[in-house]
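What follows is a set of notes on a single structure, which appears directly below.
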Amino acid sequence: MINTHFLNIELKSPTVLASGILGLTASSMQRVIEFGCGAVTTKSFSLDWRTGHKNPSIIPFEHGMLNAVGLSNPGIDEMVKEIRLFRRQCTAPVFASIFGRTLDEFGEVTRRAAEAEPDMIEVNISCPNVHSEFGQPFGESCPDTAKITQIVKKHAGKIPVSIKLGPHGPGIGKLAKICEENGADAITAINTAGPGMLIDINVRKPVLANKTGGVSGPAILPIAVKSVYEVYRSVKIPIIGTGGITKTGDAIQMILAGAHILGVGTAVYYEGIEVFDKLNKGIENYLKEQGFDSIEEIRGAAHE
Amino acid sequence: MINTHFLNIELKSPTVLASGILGLTASSMQRVIEFGCGAVTTKSFSLDWRTGHKNPSIIPFEHGMLNAVGLSNPGIDEMVKEIRLFRRQCTAPVFASIFGRTLDEFGEVTRRAAEAEPDMIEVNISCPNVHSEFGQPFGESCPDTAKITQIVKKHAGKIPVSIKLGPHGPGIGKLAKICEENGADAITAINTAGPGMLIDINVRKPVLANKTGGVSGPAILPIAVKSVYEVYRSVKIPIIGTGGITKTGDAIQMILAGAHILGVGTAVYYEGIEVFDKLNKGIENYLKEQGFDSIEEIRGAAHE
Amino acid sequence: MSDLMQTFPIRRIVEHGPGVKSFYFDKIFNVEAGQFINLWIPGLDEKPFSVSSITGDQIELSIKAYGPFSKEMMKKKAGDYLGIRGPFGKGFSFHDKALIIGGGIGIAPLRILAQKLKEQNNTFISLLGAVTRQEIIFSSWWDSLGQRHFTTDDGSLGLKGVVTDVLPEILKMNDIKYIYAAGPEIMFVKVKEMIDPTGIPYEFCMERYMKCGIGICGQCVLDGSGIRLCVEGPVLNKEALSGITELGMKHRDASGRRV
Amino acid sequence: MSDLMQTFPIRRIVEHGPGVKSFYFDKIFNVEAGQFINLWIPGLDEKPFSVSSITGDQIELSIKAYGPFSKEMMKKKAGDYLGIRGPFGKGFSFHDKALIIGGGIGIAPLRILAQKLKEQNNTFISLLGAVTRQEIIFSSWWDSLGQRHFTTDDGSLGLKGVVTDVLPEILKMNDIKYIYAAGPEIMFVKVKEMIDPTGIPYEFCMERYMKCGIGICGQCVLDGSGIRLCVEGPVLNKEALSGITELGMKHRDASGRRV
C-alpha cells in the first residue's frame, strides 16, 4: 500500500471515497475502508434532513451515470452520530461533506460538523441538481465562493477545509484561487458535470424524476483531468482529484495533472467496492514499472 | 426519406452535417449528401485563414472525442468559392458557419459569406478551444451574445441566422433567449462540452498539442439533450439539436427534447458517413412503429 | 439484463382480488429466484419489486396496493409502458428438503423460488400466511406443488392465524434441512426466534427503501455489516443476517433518516 | 489496433545513411500493406507514416529527414516513447505479375507490399528510384526478391536517372498485369501518363496533409471525388484516381488552403 500524506493526515492509500457514494452510515464507510480505501467522505449533509428528489434519481447510461439525488440526507444530528461511530470503529480518516442553503447555514453546519472532529470538512458548493431551489450553484459565483470559504474557515477551527468545485462556471482555476486566498486548505475537483438529461423514447419523458442530473463516471474523465490540471496551475494547496476515475490509467492521469489524492465515486458501480484495492495496486505497479518511489515524484508531471 | 421544413428551407432529411466535420470543400460536402444527409454545414471560417493548433488536434477516447483544431480554416475567399461550387453541383441546402475575432469581424465575415448565398449562416460563438487567444468564448457572455447577434443579423440580409451555443456559461436557455430577442432565426445547440484533457501516462504529457480540447460524441449526449430541452423551453425559434447523436435513439431523444433538425458530427467516425442514412431510416421506423406521421407530432414531446 | 433504464409494455395483468395483481412483461432478461428489478412509473416514482415468476417467455411482478406507487400500479392496463432496470442483487441458493415461509406479498419471490426448486427436483413444504385470501397469490398453484399450509388473519383461506402458529408443528413433523423466508420483517424476526434454536440454516429475502439499486447510493446499507441489500442481498443467509444490528428495527427513509 | 492515443518505446533503429532511418516497435497491431499510422512526437506534432514492414514481432517505420518532424525523429533513441494511433486506411490489393514502382521514401509502403506479395507467392518486378543511394532503403533486400531496377539522380546506385527513364523498357520486356506505385505525386503523374495507354490496372499510395486520420476533419479529402484519403485511401486504384481533379496539383495545408 502506498501511504500518503495529505494536510498532515495519514492515509493508508491515495484513494478516497467520494461524497454521495456509500457515505451515509458508519457501517457503510467502514466496509469501504476494508477494501483498501484510504479515507472516506460522508454524503453531503445540511442542518435539517432532506428527502431529496423522487426516483429515478440515479441512472447509468452507456458512458457514465446521471444523478439527481437532490442532496437528500438525514440531517446533521444523525450524520454527526455516524461520524462519531465511524471514529470509534475505524482509524481511517473521515471527511465530513457539508452544504447549506444560505451563507449562515454553511457556517452553522461547519461549526456543528467540527464538533464531531472529522479529519477534514469538505464544502459542497457545486451540486448541479439544486438550481431550481437555490438558483445557480454557489460555486459558480466568485463572490459567493469567497464568502463561503471565509465563513466555513471561521467555524471549522483547527479542522482543515476543502472546497469542492464543479467543472463549469467562471473558470475552475480562478475559483480555486479565490478559495486559496480565503483560507481553504485544499480543493476537491470536480463535482458532477453537465447537468444532463436522458429521455425514454417510448414514454417520451425524462427518466430522472428531477428531469436533469449531474454526469459522473467515465464520460467526464477528460473534463475532470483538465479541471485538476487547471487548479494545479493556479493554486499551491493540495487537490483531491475526482471525476471519472475507474481504471489505473485514469488515476495516473489525475496524479500527473496534479491531484494529491484521488476521489472515487461512480467506479464503485463499474468495478465494485474492490475498485479501491485495484486502483491502489495499479498505481503501485505503475510507479514500480516506471522507476519511481513515490507519488510525489510524478505529481503534476504533465505540467513540465 | 422524411422531408423536413426548417426556416422555409426544404431538407430531404432531418440530419445535418455539423460544422467542422468534412465541411472544408464542395467535394467533401457533396459526398456526405449522397449518404442521405439533409443539409451540410461548412467548417467555421473567418476573414483570414488560420493554421489552427498543431497535431494531435483530434483524439478519440473511450467514450467520445476531444478536439482542439483551433478553428483552422482557409479563410473566407476560399470558403466562399467552395460554397458557390457546392451550390452549382448540389441542390441540398448549405449552412455557412462563421466566426470572428472581434465584433466587427463577425459583421464583416457575415456580409461576405452572405454574398455566397448560403441557405443559412451559423454563427460559432462557442468554440472552447480559443480561450487563450480571445479570452472566454463570446458565447459565455450575455452582452457579447446580444451584440454579435445584432451585428450578424444586420449584415446577413435576407439569409437566416442561427447562433451556435455551447452547453456551459451563464445558462443556455438564457443565452438562447437573448439570441431570439436580438433577431436570431434559429439556435444550434450544442458545440463541444468541457473542455477536457487526456494525458499519456508513459510520456506524462497532455496528448493534444493544445493540451485541452472540446468533448464531443456519445459522452456528451445527455448534456446536449438537456441543453436542447432548456433552449426549447425558453425560445420559439427552431433548434438544430447537436451533440452526441450516434444511434437512432439518440436522435429521437433530441427531437423529444425539442430539436427541429439534427446536427451530426462525431458519429461520422463511429458509424461512417452511412450514419446519415442509418439515422434517417431509424427515425422513419420509430415514427411508423409508434404510430406517428411526422416528426412534428413528437417534437418537444418530453415537455408534456 | 440492463442497468440502463428501458421501458416495456405490460403484456398481461392478472387480478388476484382487490388490490393484488400480477403484471407480465416479455422476458427481457434472465433472472435468479429472489432477484428484483426497479420499476419506473413515468412521472411518478421508481420502486423495487421481486420477480415473482418466469412463465414461458414472460416475467411476472406481483404487487399489492399499499401507498401511492402500488396504488397507481393498480390503474395500469395491458399495453402501458413501464421502466424496468435490472435484475439486481443476489437470489436464493437451492436446497432439498426445504421449508418455504411467506407472508403477504412477500410470497412473490417465493413463487419463482418454488418454480426453480421444482425444476431441479428439490422437495419442499410451503407455509404461507396473509391478512386475507387474495394475498396468497396463486393459492391453487401452491396446492399443486405438494405439502402446503396457508394461514390468514381472517380465516378466509387455510387456518385462521399467522405462520408462526403452525411453524413448530411443521418443524416437528418433517425433516427440514433448509428454510426460506420472505415477507414482513416482523414476521421473520418471530420465525427466526423459533428456528435459530433448531440450527437449521436459512435465507431471508429482505426489503429496504432503495434508490440506485446498483450499490452506490448507500441508501439500503444495513447497520452492523455494511451489506448493500441491493447488491449483496436482497436474499441474505443466516451468517449475513447475524451481522445486522437493525433487523426488525427502524429503517432508513428517502432522506437516510431512521424512521 | 487502436484509434486512441497510446505510446510505445522504440525497440530498435536502423540507419540507412544520413537522414534515412527505420524505427522498430513491438507489433502492437496487425496491419495491411499500405496502411499508415499516426506518429506522435510528444510536445511537437503528429504525422502519418506508412508501416514499411512487419518483421518477426516488430513493425517498422521508415522515415526520411525533410522538415521539423522528420528531423526530430532522427534524434530519437531506442527506448524513447512515441505515440502511435492506427493502423488507418485501406491498403493494396494483391495481384500476380506485378510491377512495383517507388520513389524516394515512398518505397516504405512498397516494402511491406513486397513482403506480403511474396508470402502469397505473387511474382513482381521492382523499379525503385531516389535522389541518392541511402534513400533506396534495404536495397540488398530488394536484390534478393528477384528482378529489380534502381535509379538514382546522382547515379550512386543503379542507373543515373529517374524511374520513368526505364519504365517503357520494362513494360515492353515483361508481361505486367498490375502496377503499384508510391512516392512523389509528380513521379506518379508521369508514370500514369505512360501506363494509362497500356490499360494495365494500378494502385497508387498517395500522401496528403492529415489531421484526424479517422475520416472526420475533412483535411485529406480529394477534390472531385470527395474521397477521404485517410479512410478510403491512402492506396487508391485507377478508378478512384480518375475521379480526382487535384492530382499533381496544389495540396491543402493545415489551414485547409491550397498551397
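Lettered A, B, C and D in written order, each chain numbered from 1.
Note that a contact is a pair of C-beta atoms (placed from the backbone, for glycine too) under 8 Å apart; a residue touches a chain by one contact, two chains touch by 3 or more.
This one's a predicted model, so the numbers in the text were calculated from it and none came from an experiment.
Between the contact lists of chain A and chain C, the overlap is empty.
Traced through touching neighbours, the fewest hops from chain B to chain C number 2. Of all chains, the one whose mean C-alpha position sits at the greatest distance from that of chain A is D. Centroids of chain B and chain D (each the mean of its C-alpha atoms) stand 36 Å apart. Centroids of chain C and chain D (each the mean of its C-alpha atoms) stand 67 Å apart.
For the pair chain A and chain D, the distance between mean C-alpha positions equals 51 Å. Rounded to whole angstrom units, the spacing between the C-alpha centres of chain A and chain B is 33.
Looking at chain A, one finds that residues 61-62, 198, 202, 205 touch two or more other chains. The residues of chain C never reach two or more other chains; the list is empty. Arrangement of the chains shown, judged by which pairs touch: a linear chain-to-chain path with two open ends. The chain pairs satisfying the stated touch condition come to A-B, A-C, B-D.
Note for the complex: chain B touches chain A at residues 61-64, 66, 136, 167-169, 171, 193-199, 201-202, 204-206, 211-212, 215, 218-223, 225-226, 229, 249, 252-253, 256-257, 286, 290, 298, 301-302, 304. Remark: chain D residues 3-7, 38, 40, 42-47, 81, 83, 85, 211-212, 214-219, 221-228, 252-258 touch chain B in the complex.
Residue ranges on chain B touching chain D, taken from their complex, read 20-25, 27-32, 34, 43, 49-52, 54-62, 69, 72-75, 78, 198, 200, 202-203, 205, 207, 209, 265-266, 268-269, 272-273.
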